[in-house]
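The structure's right below; bear with me while I get my questions together.
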């Protein structure tokens, strides 16, 4: 996967795959078959500046989330329904996501909006486990492996600290 | 030493000891015998706000250095010849400063202005080893233990990266 | 003479605004703060600061005893109330005077006279200031109402004398409607208030809110400094203010200024104050109320009239005469009140931490912010973060400049009203200056924030941003690329 | 008509200033950049951006070929040169015209006419613009010099005709000194330049540098927009500029404006330009040179005269007429050029990274910054970081406001000229407006930055700051205290 990442766009205006690949001179973005080369840099204040081959310059700030990311550009903040299916949401992290299962923890303080599973449930990979609100965004937390909910500490309405355990999955033998 | 720190002031206007002690409600500063209680907080942007018992409020930014610290207050940045004798300058760090000696490394990029020792020299604790310029300040790097200069990698005029080895001292058996 | 030292019994941007005026004048400053505000910018900006009490305003910014104690402790000689909190509290103004503090504001008697809205209305009518025409007693018959309507003009409003809260009110557009409307309002009034008496008032249709700035010194000089257009309101709360009003001609300005000065003079006014009027579409205007303090929106007047109202208010409190007499307006100014509220969710408060703040720069841009990057917006007070004020040669240029400034503006960490202003500058009515006090509520009811799919540029940014984040960690061989994407170049730098 | 799209062949604050004018006017923008500037704010602010070449200006911002190629690539229709770089290069202006680009500036012929300083001087004299009186040919005798001095008035300056660099010059205060001075300068001239011819010029003692802003459209309207006082110079480099000049009365302004318009008209000028004069203490003024571009210090004129010079310059380039005719000045404005230079070390350049930047706010404060927090100041270009402009009702209020703004200002990471401005606002001569073009150099030679011991407040802050740092790590039981001192609350927050 080095140097190439696949993203799924699922907006009201349609669904498609966007592939970003790094080259020595920048990135190549393939948006549903349309390829664009961009020179991309991170500015000192954290914003991105993208420069297209035709000279167009686009500057903005991206706060990655799942299933949406926030993009601030020209003073407006918009939600972009784009997420990396491979990539754990920015607000949670996996511990020991190996053959034996995974543990999901909060990566920043937030609030549990909804819990979709109970202890003992068996879930498929990709199943919605819970929704965590952090940094103004509702983040869908999904299972990265199929398994059984072996431990559930999150409850709806609960405020969680950074690093707080949310749910553990155990791979079914 | 918990909760109390001794600082040496060595300015053109005299030398004295300043002791800062923490209490439950703030800090007590003893400046050459004159005691003041202050409520001190760190503001979101990194500045300090000190509030004295009589209501005086002093706000400024401190960049600790050795033998001077920089203080930015009311738009002016001044050098204050104040340092913690116990405290290694903000720009260098010690490794293994134990019975066997110490290694001094640069904690941020800078430039070696002057080297006062040669390999093989025997130095007393507190002896000036070299002067490192970093962040607009000349920092005197002194020996924290008596010993022999076992390795010297710093040379005058040299630009050093963060973490670069500068000098090693070996405690004389 | 004792060296002046001024305590601001307030917080946020207005405390900073007054402290800046003090520094411009060479006057020492004293802040007061609640437990929610120890790290607030207004405390860090003051020469002295005193804790008032816990976060709730009743125990801090509204505590007269705590504020007077703070003034005594710090040797303050003047007290400025800002706006809100104790600013229109006559007892506070009087209490300051009793302990020898100079209250930076009008005489307590003027605050009191304008504080009672019905009494003020009668006083203004007596002083020849136009008020909304109405019957002075309950109507005895439909004929009496018809007589009033004939004088005042249609439409009129029938109101239950004992009414309130919008109940027992009915618009009447022609003489033929009077009898049945009167019956209906009277019976509604009997049912709701157990009192069937009804009176009539002229209905001002789709009025504008236009207010006149006045300032007077202690030597009897009292002048008007133009008007402000404050019709852009959400549920009676001002959101955007302008100077001058697009609806006010020089001739009308003259008449409104005269009326405002007469209103202020009638209550023995000095210091800064604002006389609010309803402006009808036919150019008639009617006294609404007087705000006996510095207004949130004073900067638009400052920019257009070239005066420093905050400094002038302090100077006249110190007994100095007004520093100006003949002023002429220049250009056009617009102020946006930036609130920590979510315009897409009914303007629900959005307290939190300002994680990033980028302010526009360049010509014609002024900031009066009460927060900075890293500031925590507490639940306890009005959620206004600060104000953006733009100034340009005329209204179209000011609107363009506002649009540009809003494009440069970035606030992260809390929801703000910035998206509302972005919609406004695109709106044809707003651009034309064609609005009244209910206009924004109508716009908001009509769905002012359509859901649009993200622009291709936004999708691109998100894709590259997500990809950059994904690339940072996994590949060690891509260290150079990763460093390109390092989000936190400044983390290593000295703050 | 083709939609206008404007390329700025420049960088830093002036590129941002012009882009803001474009946004105010609804014109699309194109940035160009060198390898040192890919992450510079002016690139991020533009709709399009094109790399010119490596960092050295000769290969980037001075490369006419690269700039024209960038304009072609992006479909730009206008090119604005800013100041410096190619802004007074007639060949560049002409090259733009040849490929169909509108050069935002005067006709190439006007640039050329003013580019040759000696030719310009003669042209101005012919147009009736006062120039420093001087002999038109070498002096044949002491009597001839005496005759000239009798007309022009003492003191005079004897100058080697072939001279330069300050050599072969001598001041003469009375007729009795002429003969011996002439001998000495002639022999010096023979020794230094192998040419003994000497001429005389009137010596303007302690002159001020006062310049007049002019702007003209393509329809022949040419107006002056007041003067600027630019006498605060270090080694002939402007440091602080004001509008109006404390030395210029309304009557003198009128005469200088007339002379400036005559000067510009004599070379067929249009667009923004500045006619620089030496102003003698007796009120006489003399043409120095004309800058055929937008000046660094244009904002002080904008603030006082209520015009947007940058936007007006673009409008007239698009063929529009001047948008104003009758302007009146209001208040006083002061600009400080903030350089990355160390005033305590002979103004040595101080490139580096801006680790912290805090800008003042409130009334009468304008920022035109070319950098932001985290910006790297490259070695390759003029080290100006940006400009602070203050505006108030009169000069004393503007100086007070400047002092206040400087107290709020914080730049860390590089040395800056802020300490110079802080000293200036305390200086009695500066406060009185009593200075000439050599005044600052005299002040600096006299030791302008005395070493004072730190104030007790600074020692206190350092002590608590050091103690806080010392406390952070060692004690686990003091976690709460440590968290109080956490320097980097915002590190964890989203940027």
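The letters A, B, C and D name the chains in turn, as written, and every chain counts its residues from 1.
The rule we apply is simple: contacts are C-beta pairs under 8 Å (C-beta built on N, C-alpha and C of every residue); 3 or more make two chains touch, one makes a residue touch a chain.
Just so it is clear, the model here is predicted, and its values are computed rather than measured.
Common neighbours of chain B and chain C, listed by label, are D. If you compare B-D with A-D, the chain pair joined by more contacting C-beta pairs is B-D.
Among the other chains, the CA centroid farthest from that of chain B is the one of C. With centres defined as mean CA coordinates, chain C is found 41 Å away from chain A.
Look at where the CA atoms of chain A average out and do the same for chain D: the two points lie 49 Å apart. Computed centre separation for the pair chain A/chain B is 43 angstrom, with centres defined by C-alpha atoms. For chain A, the set of residues touching two or more other chains reads 41-42, 44-46, 61, 63, 135.
Residue positions 355-356, 373-374, 407, 412-413, 487-490, 494-495 of chain C are each in touch with at least two other chains. Contact residues on chain D toward chain C in their complex (touch as defined above): 16-17, 20, 23-26, 299, 302, 306-308, 310, 323-324, 330-331, 353, 355-356, 359, 361-369, 373-374, 392-393, 397, 400-401, 403-404, 407, 412-413, 487-491, 493-495.
The part of chain C that touches chain B in the complex is made up of residues 30-31, 38-39, 43-50, 70, 73-74, 372-376, 492, 494-495. Chain A meets chain D in the complex at residues 39, 41-47, 49, 51, 54-57, 59, 61, 63, 108, 135, 162. Across the complex, chain B meets chain D through its residues 1-3, 5, 7, 9, 11-13, 18, 20, 22, 27, 29, 31, 36, 38, 40-42, 44-46, 48, 50, 58, 60-64, 69, 71-84, 86-87, 90, 135-136.
Of all residues in chain D, those touching chain B in their complex are 356, 358, 406-410, 412-413, 415, 418-419, 422, 451, 453-471, 474-475, 477-478, 481, 484-490.
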